[in-house]
Amino acid sequence: MATISANPKRKISRFNRFDNPWLNPFLITGVFLIVIILLGAFIGQFTWDSDLALVGNSPLKQPPVGVSHTTLRGTSVGTWEHPLGTDGDGRDMLAVMIVGAPRTLAIGFIAAAAGMGFGILLGFMAGFMGGRVDDVIRIASDTTITIPSILVLIVIQSVIPVNLVGMALLISAFAWPGPTRLIRGQVLSMKESGYVKMARISGASTFDIMFKEMMPNLIPYLAASFIGNMQGSILAAIGLEVLGLGPQRVPTLGKSIYWSVQLSGLSQGLWWWWGFPALILVVIFVGLLLINLGLDEISNPRLRQKVE
Amino acid sequence: MKGITLVYFLRRFGIFLLTVWIAATLIYIIPRMAPGDPISAMVARMTQQAGYIENSDVIIAGWRKRFGLDDPWYLQYGRYLKNLVTFDFGYSLASFPTTVKEIVFRALPWTLGLLSVSTALFFFIGNFLGAMLAWNKTPRIIKGLIPVSMIFTSVPSLLAALMLLYFFAFQLGWFPSLSAYGRGIVPGWTWTFIGSVMWHAILPIMSIVVVTFGFWTLGMRGMMITVEGEDYVTLAKAKGLKPFYSLYRYTIRNAILPQITALALTLGTLVGGQVLVEYIFSYQGMGNAIFTAIRNQDYPVIQGTSYILILTTALAVFIMDMIYPLIDPRISHEGN
Amino acid sequence: MSEAQTSHSNTTAKAKNWADAKPVLKVDDLRIHYETPKGAVIAVAGISFTLYEGETLGLVGESGCGKSTTAYGILQLIQPPGHIVGGEIGLEGKNLIGLSERDFRRLRWTKLALIPQGAMNSLNPTMKVHEQIADVIVTHEGRQSKEKIKQRILDLFKTVGLPARIYDMFPHELSGGMKQRVCIAMGICLNPTVVIADESTSALDVVVQRVVAQTLLKVKELLGVSMIMIGHDMGLMAQMVDRIAVMYAGKIVEIASVHSLFKEPMHPYSQVLIDSIPSLKEKKPLKITEGITHDPRNPPPGCIFQLRCPHVMDVCRSKEPVMRELKPRQEVACHLYEVDAKGEVKNVAASA
Amino acid sequence: MSQPLLDIRNATKVYQVGGGIGSKKKEVVALQNFNLTIADKPATITTIAGESGSGKTTLANLVLGFTHLSSGNIVFQGKDISDMTHSEILDYRQNVQAVFQDPFGVYNPFYRVEHVFDLVIKNFKLHKNDSEARDRIEAGLNAVGLRGEDILRKYPHQLSGGQRQRIMMARAYLIKPKLIVADEPVSMVDASLRAAILDVMLKLRDEENISFLYITHDLSTAYQVGDQIYILYQGSIAERGPTTSVIDKPHHPYVQLLVDSVPQPDPDDKWETDIELPDEEVMRAADAKGCRFYPRCPNRWDHCLTAAPPLFEVAENKHEASCYLYEPKVAVKR
Amino acid sequence: QTPRNETVIFDIDGGNVTAPTNFNWMVPGTARNQGMHQAVWEPLFILNYETGEIMPYLGTSFTANESLDVWTLKIRDGVKWADGEAFNADDVVFTLNLLLGDETMTLGGAADMQQWVTDVAKVDDLTVQFNLKAPNPRFQLDYWSVRIWGGIIILPEHVWAGQDPFTFTNYDPAKGWPLGTGAYKLTSASETRFTYERDDNWWGKDVGIPEMGISGLPAPKYLVWEVTGAEENKVQLASQGELDSIMDVTLGGFEAMVANNPNIEAWVDGMPYVWFDPCPRQLSVNNMVAPWDNAEMRWALNDLMDRQQIIDVAYEGTTIPSQTMFVEYGGLLPYINAITGAGMTLGTTADVEKGKALIEKNGYALNSNGFYEKDGKVLSIEIQTHEAFIEKARIAAVLVEQYRKAGIDASTRAVAGATWDENKRFGNYEGVLDWDACGSINEPWNSMNRFTSRFLKPIGEASPGTNNHVRWSGANNDAYSAIVEKIGVLPLGDPSIEGMVVEAYQHLYDDMPFIPITQARKLVPFDTTYWTGWPTQENNYNHPATWWMSTHQIIHNLKPTGN
């Protein structure tokens, strides 16, 4: 700022702590949140009976510990048997969280990874080969963008049996145009960059140029776009789940919300039914968001200056 | 030269047609790959509660013939393509003899209304907050609050809509809950009706806005920071321009351009996201039409609605390409 | 020594008036740092100079020595993570540091105008040329009739040799030279007291460069503004400025009139600069300086040029040299020179 | 008499601007009927100079094989580079190296400085074992006045511009090519370091017998190091000949203007006359048929519009200018 | 806004009405149960579910000759269309001829009528004679008495004559279309809401329908049918008194409503609150797919099924287990009792030992994952459910867990409605949750007939009307089919039927081609804040399904509370 900075000391110390750009606070907090969730799920698998996440394995509509819930048929009080309560179909919410959160993340991860894989391949092809190949890929991605994905997903989902991976792959069929565009643009500009030219006159093969020279510099972009895709895929998967589609038996966060909505969990005051899954989703999202912001700072150094 | 050359227009228009054609073909093929005969489903629905019908196969065959589903695929496809041009998708399977056109065009205005207002809102709010988030004169508290407001972005739209409905309509009673207008109000160009329509649209619009604006906020923030580092923004400061003026005219104006393109690209997705909101609010728009059509495997309606979405998105992208040079003078149709 | 004297005394009429020239801008011990993860980059390490009325002061030095930072520091436009750590900037006797944001904003452009480095990126791509000039006028002088502004802008165009037809154009429709001249027009439109031109011609072709440089000179003459010209092309400096300040690693090491500096540079770095100017007139052996610049975050104690100085002495490694007026209007910061009792300047190395 | 090292014959490069889907193509003639010969021995520094956009970088890219000619040939040691097989191309890459203008961009920011050496050692199979490779790198660095331990393990951004550029020279030295295309190698380093790099060039020419295609718009450095000079104007040769001869006594009106515009580093030798540039449009509307400099030429006459002027000899030792002023019979007529 | 205390608000289930202005009930897209057939189009007869009797409405009698192949309809005198035209034999004959004349058989009811009716003849203005192709004791019951949901609706000849029955939408407010004989007229129709206003000139305003206890105009001035969407919405609206009649909710939803609005009542006052829908739920097993082609294996599925747990979890205790294939209505009770009396009751809880023994008897052994395996193949079953029917998904979810615990690798999959239907018809499933024993209300033949051999088709060929889509065959089925065929031509209520049913049922029971699960309960809440007189177990003048054509009766029974 224009005037003399009031407290330059503070800034310096803050900077010093994050010497490595990969260690910026956004990234760390984001990764921390995601790790907490995964860790919680991991520990939970060993310390909590995940079978309780299945229908009918617990009493119905038990409130969480310390909460009481009154219906026409009486009042029930939460117990440590089911610390987060149970849902209207007799699933233990803690077990649902333990089983559901990693699956939700897994769907996002697989879909984003597959979309990314396509994106990288097509983006490199478009950027490198140019000409007709580029045209075809561009039209393909334009077309994919115009197709209302939810429609196609629903149609396919409702008739073909899909497991978690299948669902993720279906979603990824609409997740590639973003990374493709991104990588194509980057490849085009990188192709003209000095170090790629240098590598060419150093006799490097096209493969080496793509993967040894270009790829490492794309990592922050790819990572940021990966995270963005992951968010999108999770939302898409949840969108399908709240329509009642997707794998049936083992719960995910989306399914939990679906059942709660279908069986009027909100009106019945069973807030733990939709509230806990929503909370975990929020945490996952905030985590991914922070990771994304952090990666943004790495790939876009200008953001790094915006420290205040 | 900024004008649009004819050659450019034609080429771009060609691509527009090509995109629409490919997309339309895909939505023609995809539902057909699915097992399940929509006609028999339809007949089953018709006869569901009437016990059984001895001759249901004859009925099914009769309907198949009526819908031309027994013709060879190329005839059906050809007819489909021809009808795309006239927006004539034939009859709805589930609502025979209502035409798809009728269904689509009855639902379209409602969705357009909902969508245009909510798009304007989330685009404005999202970009405004994004600009605030990146501007160095924004008070700290506001900068802290903006990310908090984005929590809704991570909640599925269904749940967000339901929660808004629950609290604002049912618990607080501030807004009406269901439908596009009040009970007993006769549709027409009367103030009562228009007022009622607007009143009923508030919650659905809010639902769309709260789950959407966060993405735009983040996008805008990134763009703002990039633009703020540009030399011309520094020069604007050097010129002693008022902070708001230079923020608006020099930073936001340039940062928002890519956002506008992005908006065109996401139009189709937007309607998709609206499906559940319309369902929750029993709104009579395209979202619900799509929802019902999917439930009923009503191919013609699925195709009709998808086609409208495809057309809108492709058209938006096309128009974007056409007018982009007007909003961003750097891009000329001839260069690059 | 006597040579320098003569060259000083027989320059143009303007130069003779220096003695009674009024100082317009006084920079005193300005310090600017950029905070980075690995410590503060000391971009400007306490520089002082004075700019007189109607004068053109050249600021030269190698890339990254803090020329632009100085310019932006004067305008208080340092972007985070940079910030002004200390110093005073006086404009017509008023201290600028500590002025409120609002007050300073009023001073910008009316008193201090900037012709930025890289005019290519300094014009808003989405605004027409005239709008970008008009908004300065409107901001600082209030609303006025469209015709009046237009007339004024067209007059400006004429001054800088731009055709009227570009009035309605967008920046990308102009050539580099034209953009640069638009920036010049913009810079002078409010008749500022001081114009700072940051490498305003270095991105241009020689031929175009010459045209723009001449425009700049003409305008300066016409309006009588004071100007700080930043650049690293010594040839151009020789053509354009009255006085030169040589910067090295955030410090001014020598300030002298252009004639003194070209004829008899005193600081070893100035000497290197002058010597390494390739000539078009005669082919001479290349003069090479070895050594590298120090890390700007961590300057060595003593003289900043010690790592590359051919005459480095022990004292250079411990004591920081101060600026001394060793000859009339020639200030140098170097241990190499000593002023003896009689006021004679002596080269320590030569005498040793 | 051995064949020339590099022989460029009637090279023309036309860029299709725009194109792709959705926009109409426009042609930009970046290089037109360009001829250049570099003798095998002795090694020389051939300067290509000219205003911005005159086709200098295009020429470099053509020689380096980054783009292809629209017509004409580039022949390296008797072999047309467009006819080369894969292994011949690798061989060619080893013989024709480059130093680029931007000393920062040529380093992959992801890797340490040593990566540039590893790359060539690996791809050109220069080493027999690791220690030999080390030695060669060290020798290359020493040749440009650097030491391996100081810089190899650093990241590019930790070096000064001059260092980076010298490492590029060291890299070229390591490969020991026959020709180095140096596209504005000093324009981004500052005055005091410029000399060091030019000096390396001279050293490589004299000691290692490496020829240079030295591309610059800075006539004064060309004057200092160049043997031959080619001055381009909008893709065509305006004047060519021995550097000193061309710069000391330019013949083509454009070259005269160019030389005259170089600011003299002497405060007592100030520009006397003001020069004017014609309108952009006039300059761009240069007739494709006639002399491209016509719109700006102080000496123009109708004859200039008939056809692009060929090169006319204006002095001995192959000093030629492309201007009808020097057409033997016409000159007489005027 | 219509005054709340003069309006009855019904909810519409299942999403928006895509074609709200199509009132041609013979085409698939019709808007029919959003008020039209409850308030505007009146039926000829209404079956009383409680007594099993058929009550006259627009018709006064429908009688058959000895051989059950000539039926004579008598129409009530004085019935008028809302435009004042008389409703008479011409309208009936016109309607029937329209249906009989549809060669494509695609119009609603056309196939039914063409299956049975040779021709119809007007005897006089109020008498019509139907000549059938074959004896049919259930002709009146099945098609003219709102046995389930609706039936054939008589069209006004003066509107329909000359119209194309395939495309005519029967909508023109200016002309008073859609035209009916009922006490209400449509005033507006949209995708989400239908409103009706009382027609104070209704034909029965003076005389009423004494046999049904209807005398004069109904009390409500306005009727509204509204799409309410998710259950949350229904609960909230009902809590605030914004819905008078709700189609079906979960127990939790119901409790939440009552907590806020104590005036809400259901069929039963207290647990389980519900009324049983005529279509009990069942697990249909494909009898042609190994290993389920083996009756013992199907029996194992039955034995492993814990019906009580299904009720406790999926229904929260609000239904009862099926004892037989039949719905437990009064008219069917004698037959049910006869069957259970013969020892053919299905268990309430699982007999896991027995089920596992049966599986092991067939050569299966548990593997390390806890699943049965034979010849390297794990014993598995995939149960398909209809994506839009949550109740079935919930049953399947519990069932899957029960089977998995017992060692069958069971799974469930929700499929789109059309696919679900197609898979059933072509036999592309192992197990499917459906209600295909549905049909009988007050006599057993209708349901039993659906599993006879004449509908048997191999896998890949469509089962007609999804009848016997489980593809039950073999000796037991042959014997069963023979008996059922005989029952089919006996007059309703013939005393010999009971014995024959028990005999036939034994064959079914032995083979267990499908496994009845529970009664299909409907928790149908009514709000008594503004209106009373809703059907309940105490006031059981008929069943409470307000989406059926019998709702006319309910509307005439409503009384304002004065609130």
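For reference, chains read A, B, C, D and E in written order, and residue numbers begin at 1 within each chain.
Definition applied: a contact is a pair of C-beta atoms (placed from the backbone, for glycine too) under 8 Å apart; a residue touches a chain by one contact, two chains touch by 3 or more.
Being a predicted model, the structure only gives us computed values, none of them experimental.
Asker: Among the other chains, which touch subunit A and subunit C together?
Answerer: B, D
Asker: Please state whether A-E or A-B has more C-beta contact pairs across its interface.
Answerer: A-B
Asker: So, comparing C-alpha centroids, which chain is the farthest one from subunit D?
Answerer: In terms of C-alpha centroids, the chain at the greatest distance from subunit D is E.
Asker: Go ahead and note the Å separation of the Cα centroids belonging to subunit A and subunit D.
Answerer: That pair's centroid distance is 51 Å.
Asker: I'd like to verify one number: the distance from the centre of subunit B to the centre of subunit E, where each centre is the average of its C-alpha atoms, in whole angstrom.
Answerer: 38
Asker: Using mean CA coordinates as chain centres, what's the subunit B-subunit D distance in Å?
Answerer: The separation of the two C-alpha centroids amounts to 55 Å.
Asker: In angstrom, rounded to a whole number, how far apart do the mean CA points of subunit D and subunit E lie?
Answerer: Each chain's C-alpha centroid was found; their separation is 89 Å.
Asker: Out of subunit C, which residues touch more than one other chain, so two or more?
Answerer: Correct list: 77, 79-80.
Asker: Please list all residues of subunit D that touch 2 or more other chains.
Answerer: Correct list: 21.
Asker: Out of subunit B, which residues touch more than one other chain, so two or more?
Answerer: 15, 34-36, 136, 162, 166, 229, 294
Asker: For subunit A, which residues count as touching subunit B in their complex?
Answerer: Per the stated touch rule, the residues are 1, 139-140, 142-143, 145-152, 154-156, 158-160, 231, 235, 238-239, 242-243, 254, 257, 261, 266-267, 274, 278, 281-282, 284-286, 289, 292-293, 296, 300, 302-303, 305-306, 308.
Asker: Of all residues in subunit B, which touch subunit E in the complex?
Answerer: Of all residues in subunit B, those touching subunit E are 34-38, 40-47, 49-60, 62-63, 65-66, 92-98, 102-103, 106-107, 162, 165-166, 169-170, 177-180, 182-187, 279-284, 288-289, 291-298, 301.
Asker: Can you list the subunit E residues touching subunit B in their complex?
Answerer: 1-2, 9, 15-16, 18-19, 22, 24, 27-29, 104-106, 108, 110-112, 114-115, 142, 147-151, 166-167, 169, 188, 190-193, 195, 222, 224, 226-230, 232-233, 236-237, 239-240, 387-388, 415-423, 425, 428, 438-439, 446, 450, 462, 464-467
Asker: Which stretch or stretches of subunit E touch subunit A in the complex?
Answerer: For subunit E paired with subunit A, touching residues are 230-232, 234-236, 239, 249-250, 252-253, 255-259, 271, 309, 312-314, 316, 382, 387-388, 390, 393-394, 396-398, 400-401, 411-416, 419.
Asker: With touch defined as at the start, can you tell me which subunit C residues reach subunit D in the complex?
Answerer: Within the complex, subunit C contacts subunit D at residues 62-63, 161, 163, 175-178, 204-211, 213-214, 232-239, 258-259, 262, 269, 272-274, 276-280, 283-284, 286-290, 292-293.
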